[in-house]
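Each of the next two complexes has chain A plus one more chain, namely chain B in the first and chain C in the second.
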Partner chain A sequence: MGGVTRTPTNLTQGSATKGGIGESTLRPDGTLKVTGEFAYSSDMWHEDMLWGYTLRSPHAHAEIRSIDTSAALAQAGVHAVLTYDDLPTEVKNYGLEIQDTPVLAHGRVRHHGEPVAIVAADHPETARRAAEKIRVDYAPLPVVHDEATATAEDAPLLHPGRDDHHAGHVPHPNVVHRQPIVRGDVEAARARADVIVSGEYEVGMQDQAFLGPESGLAVPAEDGGVDLYVATQWLHSDLRQIAPVLGLPEEKVRMTLSGVGGAFGGREDLSMQIHGCLLALRTGKPVKIVYNRFESFFGHVHRHPAKLWYEHGATRDGRITHMKCRIVLDGGAYASASPAVVGNASSLSVGPYVIDDVEIEAVALYTNNPPCGAMRGFGAVQACFAYESQMDKLAAELGMDAVELRRLNAMSQGTIMPTGQEVDSPAPVAELLRRVKALPLPPEKQWESGDTAGTSVDVRALPGGLSNTTHGEGVVRGVGYAVGIKNVGFSEGFDDYSTARVRLSVVGGEPVAMVHTAMAEVGQGGVTVHAQIARTELGVTHVTIHPADTRVGSAGSTSASRQTYVTGGAVKHTCEAVREKVLELGRAKLGTYHPAWATAELLLEGGKVVTDGGEVLAGIADVLEDEVVDIELEWRHRPTEAFDLRTGQGQGHVQYSFAAHRAVVEVDTELGLVKVIELACAQDVGKALNPQSVVGQIQGGTTQGLGLAVMEEIVVDTDGKVRNPSFTDYLIPTILDTPTIPVDVLELADPNAPYGLRGMGEAPTLSSTPAVVSAIRAATGLALRRVPVRPEHLTGT
Partner chain B sequence: MRVNFRVNGRPHEADDVWEGESLLYVLRERMGLPGSKNACEQGECGSCTVRLDGVPVCACLVAAGQVEGREVVTVEGLANFAKDRAAGCAGGACGGTDLNAARQWEADPERAERADDGAVSGAGAELSTVQQAFIDAGAVQCGFCTPGLLVAADELIERNPQPSDADIREALSGNLCRCTGYEKILDAVRLAAAREESQTAGTGA
Partner chain C sequence: MDFLRPAGWEEALAAKAEHPTAVPIAGGTDVMVELNFDHRRPEYLLDLNRVTELHEWEVGEENVRLGASVPYSRIIDHLRTELPGLALAGHTVGSPQIRNRGSVGGNLGAASPAGDSHPALLSAGTEVEVESVRGTRFIPVEEFFTGVKRNALAADELIKTVHIKKATGPQQFSKVGTRNAMVIAVCAFGIALHPETRTVRTGIGSAAPTPLRATAAEEFLSAALTDGGFWESGKTITPSIARQFAELASGACNPIDDVRGSARYRRHAVGIMARRTLGWTWDAYRTGGLGTRTTEGGAPCA
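Right, the complex of A and B next:
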């Protein structure tokens, strides 16, 4: 059990009110989740409900000549079969930023798995069999599958006649968005370099692989509208995309968040939402749609696979002179979040380093590959693998220690980013590296059992595990490091606000707060933190979390590490307004009884109104009596601005988040099998509102980075076909693949953020991957320019 | 077809079952027991793990007809199953229902209120040691893998009351979790084993 840090160090204590911020309070949904009673979107059930099923394209690119649904409709138990021709309004596309995604294919399919028709039947198997009877006449078209085929002069255009707001500045219509960033004088800086290293790196297509499949229940309502129970990351964004296609005003599409079985970016885009509503409105019956795992791989966007070309120079003493890079992200058939991913990849491509002279270009392509969009780390993951690989290469070229090189060039508060934006809060990059390096290394040869005299081998501790492929022969250890930078919140001028409603009343003689937001709880523990904030701000013990729905204003997305910052900020802001109202009521009702009502700074603590000197003036319940304070407010973080389209300059980001990893691996060099022994992380979180959740996020993010390093890739062939859409062939880390993950948490407050907190969910996903690969390089001496690293990359076979 | 089997100690009957339906489908869609989860439906993720005559199995890979006349324990019945085991009547050997269990249909506003309150989550319901340990250790995030992990972890501690870390990893290697990185799941199983151990020692059993 060596190396396990069960309790994080360096965490501040909580506030005066029990269960407030800084404490590891338990999840309010914990009991329901361990008893099986928590209702996930796939658990929804309604009397007389039908099952929906989606027929998807077997081709990556084809013309649809005709669709014949008659045999499917004739099957007993089938209630509806809908195609493009059945869509009720002129609005037939949707999309997060660019409305380029057809609800159902019209005349052409652009990727393997694109929805073509939908079926509703009385049993899921009936719906599946009916879908098989739909006859679609496809005429395959040439497939655009990489940059060369996408930007060739005669390349088939994925979206001819584009009129989106990026169309005017891209070099080719199959480029979704291009963002250059130039700063300083790269040629002059290059001339000062004693060494120059360059490299071409590649990141495979990673899947979010949330465990709860896409699912939901659409119930037609008497007013002609629909009630939709669904797992998503952003209710109001869904609503904005769903209502126009249905031809309904937004108030007639009432959405309630169901239990969400993980998200990691994969629920930012719509999946079954519109299809379920269309079938429910057509049949007049509730319709449930649940994807199975095979369909889930086609039902959501993935992490952009990327090719990255980098050049760094340095003087002999290890100072980096300049950086040039070009990042090509494959966005697949539809835009999804590609433009924002380009913005992140370009603006964070330099990594957490001080480099004044840079030339950066990032593009996202339209191809016939599966659409790619949001996944934890969002453009910063791909860049981090490349720049950290370059740091290893540069250190080797200089004959320097790789951590020393990183620390020497590490950014800090006050550093100017390539975008010209100053990093204006703590950026403890060098300190995070120092911390992971200072940790004791795990003991060697842990497979050798120490409690027997002979040489007993526990193969479970070796690469290959119970496959019993080695007893230690050919096994080499390596240690590697990496550090990364992630932006927090929506960037580039987006109005990234959230809304919170807080109600304070007296129940059974006790003050009880109710917090109502539209925040999607996807597992991250936002509901826990909201209750903690309400306790801290209102001094109450009892807090109820109202189910998330569209009856309250938007909370923005549960992504970009932003919810604790932004919706947490909105809850804090609204609680402050509620507190003022309570004090106002108190002054009006009880002010004459004590002069402190008028003169002292007043707080709410332990269910009472107290002075800052600790004197109790009244119980909150006595102030409120039967009055109810109910306030809904919006809250915004400080504004950002777009990056200039030629220079990339602009105050584009809200906040940055930093993590560093040290990986210890053991490699069976004969078979190319890797076992990660330990993956230590140090991260600055500004303020840990719930330390246990913070550590859980870091360990979970770290493990997803490990998956990308050595296991996870959606394999797409040159015909654009997905080859491994299952958990049999797409491998995510099991408990046997995952090492101990010691976590060291720093809390250096960001003065601009609520409680000084730093959005922290994504940063650990960045540096985990390059740290593992760096450790494999150290063990094998191989260059390793692509992730995931596969056995054949290590054995050369 | 009709299928009769015992679920969580009680006889159940499912009618109009299509021969291709899995045990998982029948539990979730026909018996109102959606606690066993449908993450992959191909036997790879373990989130539908149930006990079938005591043996942990993926309910998605068991045809409904195969469970005719047999005994199934799901996450919904785990707390009672663990309680019966502690009382020496696991597997439904003691057929009766105790008074408290028989009264579970009664409304209990206090319990509901306690369950609403994040600070004391879990205090209101009667949970097995493994269930409580998962809450306390922070092993639950999205929770979709949790039911299967609980059934598997409970079975591990039943047959190996003091598992080493290697034992825990081996026993839970068929259960995927995407949120936690497994560290807090290990913490939870260690905690549950230690609590079981101290309870056993405390009662002199």
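Right, the complex of A and C next:
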């Protein structure tokens, strides 16, 4: 395997192959999804299968005094009813980082919707009715619902006797993790400030609102193991958590990815996986579990709601002197990804700005609210809303243009982050702002038709839309800007590798590559990109993508904007090894026929081995003949390190990603309704491997950010109960709420990344929200410290 | 759960008499949601889709006789001249798919305070024809709503036809929701000018336990317009009249705080919608030639 790790010296490999990187090749799943033929995990069927159902807690916090399953078990058609007492091993908890989440509640429920018992029956309705017959005797306990109730002296402890690795450094046992970052001398810098602005900001609980609910099918196997087909974000992380609870070695839990209908972080934690396997192993029958929409709102973690306090100072000429902030994230009942969200929120709290003197603190709480964890933007979203709100406030205080203030303080390549880490690849923050600002503004009053009588309006172009609330009355336009910074990949010393297996063989006289990874295709287009990489690196036309499963090594999570970078990097790396092997075979078999085999730089192009001068030496098929090259390799990005627990210093992040937005909104100032007219985005992606997918990601992220700005929130009462677990009352943007989204893609290569690419799926979700709110502020003159902005906030009602 | 499928109206009435707990279902846009949410578990579903006359309508001299199952998309396409307020309200119902299935009969059967058609029915003037094996009743729509999701139907009765007065003047409908389409009303307001009787009628949705008319606002406005000779002169309505009308409409509300909106906001928004829709209808009335049959209130159906 000589030469496997070398950096390719020629940069022309693949440039002559159609369907390689840089082209907008079509998604293999695209047409199927549009025509409704794509098989999602909820569509799976197995002869003789049972249906699982989960009984969930109606209380946010209660002692479980007893559970009586006899009436449920007695119901015809019921095959199993399992509670905590039925768990087969000593491992009864799971968790991404901290194993604090019970598979089934034991003695206590800590949040509304926590799983208490599971049922398998021959019909989903039978399972549901049987679950209703399970009698659980609950004794409600006082509810911890915010920082004050969580850290009070006599606060009930969510997890008494914690022994996780954050337990030792947190100020209170109901604090999951605390990360301070201090750099420079804030007091001295503060003394230099001509103006100081501070503000308290709040971000509501957003949901991923993926359209395909949690679902999977567990099939018991003859060897005592189980085959699990499931929609998830990271097969191997699931496997690591599932197998110990089942008491099975990992090789006996064989997982295959089934059709995933969106994820956005919400599938990083387990949902039905262990429950389905437990029921399948208990009954000896295949068990399918599909959450309905109501249950789905309880079946996955949400975005951390946050309270953020910020102070910025600046000199009269607009140079930011210092920043202080405190970020409190509500992690809910279980840790999930809270520690990593704290790491992101703190280390990115300064935004894409040069500020040398900072005092930062971020904490995540344990409360009896719904558990919160990964969601697109992951801690950076909350911080971005606050620091960008502060930028507008600071600009107003200075009497400066808000974009000019941002550009004046924008970071660039070489900037040192508050963590002490240098930004060592392009950071075109000022340029992104310049680009969105330079765009022409959309025309005014687009609702007016050509009709000069002025009586005819197109209400679809107005706030309220078809609800016909205004024909222009009370409508004021506003324009706002924002820019954000997101890290790419898993940070803080995590061994964030991916594995790819690539097989090259001759089928029907043609060389065909097969790419096999465990990457979860959740809609991001990874399978498209893998085929493009294989074409580019191997010079073949035909690439097949093997289903993602655990028969190959881990691909890491489809999150943190990392898959194209890391699993894409692994595919590239493995293809390079396959290419070397092909050339090695060629030299051995055919080297004597042409001196160039030994002397020239060789490429694989158009199914052939060619010299860098373009001379064809042989067909790949002729080199391979009956041989199959089949290589599986791991690939790692450069390592990171943990942040110091006291100072926050450390080379914590892999790469940064930047996007800027300009929002143009029209607000019905009397009714408090908002229509976003245009939401322009400029983003640097390093290299667009599939330009159409890149634009799609930017538009999707932008729209998700718009949702947080004006409508998306899970409303939780102070008693910890979720009030709107449905798409009737948890509103996500419709096409009439989605504005025109002009996208400007920059490609400034990161020399550290494969093809120079920059992970790009999350950045557009950050700045979208504060840009929209900034525009609403411009239209209304209101301070607006909380998202989502509600009509009540805009009308003072 | 048993699924009853009567082949015709008489059979449907007989089935309902035999099984008074049976829940009628036509488009299913409300009933299926209730079932999916486990809010109800009826013993019987009574499928009315084979009762063809429920899908028909007839435009009479004074009224439109609207079969209970006529979907909103038909109303929007075919009855916007006769029933402009209801057509505008129909536009705000769910998505195109829902508008193809949902019907006024279903809205009345559910009797939700947030039902989109109710303010339009109240402001136009409507009687609900209900029938059982015992006979037929005509219930004024004002008396049809008896509480949150409760109506005046007896256990054996079914809604057959909705008799809605044809518009003789401009009508409008406005609804506040927190997104620009596919949204349940936070609150809604309907208004209809009736120049032939020199009256104005209104309907308020989702701002009280039942849909209701803003009676004091109607009486004030009708009197002010008549006393001031506005109907004849076609003068612009003075701001003080519009303001008082809006305040009275707002005062007619008896809303609650819930996850969709605060009571204060609902009162406020109903006032704004009352003032605006009055402006639109009155402008249409005076610019359309006084007393002529201008029924469009200035908002095209997109």
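One rule holds in what follows: the second predicted complex is superposed on the first by the 772 of 797 C-alpha atoms of A that agree within 3 Å, B and C clash if a C-alpha of one lies under 4 Å from a C-alpha of the other, contacts with A are read in each partner's own complex, and residues count from 1 in each chain.
As a convention for this text, contacts are C-beta pairs under 8 Å (C-beta built on N, C-alpha and C of every residue); 3 or more make two chains touch, one makes a residue touch a chain.
As the structure is a prediction and not an experimental result, all values here were calculated from the model.
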- Query: If you count the residues of chain A that each partner touches, which comes out higher, chain B or chain C?
  - Reply: B
- Task: Check the residue A:Ala209 against both partner chains and state whether it touches chain B (first), chain C (second), both, or neither.
- Result: first
- Task: Determine, under the contact definition given at the top, whether A:Gly19 touches first (chain B), second (chain C), both, or neither.
- Result: first
- Query: So, A:Pro463: does it touch chain B (first), chain C (second), both, or neither?
  - Reply: second
- In the overlay, answer first, second, both or neither for which of chain B and chain C A:Arg790 touches. second
- Message: One more residue to check, A:Gly30. First (chain B), second (chain C), both or neither?
- Response: first
- Message: In the overlaid three-chain picture, which partner chain does A:Asn292 touch, first (chain B) or second (chain C), both, or neither?
- Response: both
- Query: Just chain B (first), just chain C (second), both, or neither: which does A:Gly373 touch?
  - Reply: neither
- Message: With both complexes superposed on chain A, which partner does A:Arg723 reach: first (chain B), second (chain C), both or neither?
- Response: second
- When the two structures are overlaid on chain A, which partner does A:Leu736 contact: first (chain B), second (chain C), both, or neither? both
- Message: Let me check the overlay on chain A: which residues of chain A are in contact with chain B and also with chain C?
- Response: 292, 294, 458, 460, 466, 726, 728, 733-736
- Query: Quick one: in the complex, what on chain C touches chain A?
  - Reply: 33, 36-38, 88, 91-92, 172-184, 186, 259-262, 264-265, 267-269, 272-273, 276, 279-280, 283-284, 287, 298-300, 302
- Residue numbers on chain A that touch chain C, as the complex places them: 128, 292, 294, 455-460, 463-471, 473-474, 670-673, 675, 710-711, 715, 723-724, 726, 728-729, 731, 733-737, 790-792, 795, 797
- Message: For a test of understanding, state which residues of chain B touch chain A in their complex under the given definition.
- Response: 18, 20-21, 28-29, 32-42, 44-45, 47, 74-76, 78-79, 113, 115-122, 124-125, 127, 131-132, 134-136, 138, 140-147, 150, 165-166, 168-170, 172-187
- Message: Using the touch definition from the top, list the residues of chain A that touch chain B in their complex.
- Response: 1, 4, 6, 18-19, 24-40, 42-43, 45, 123, 125, 208-213, 259-264, 290, 292-294, 458, 460-461, 466, 522-525, 527-528, 531-532, 535, 541-545, 692-693, 695-696, 699-704, 726-728, 732-736, 738, 740-741
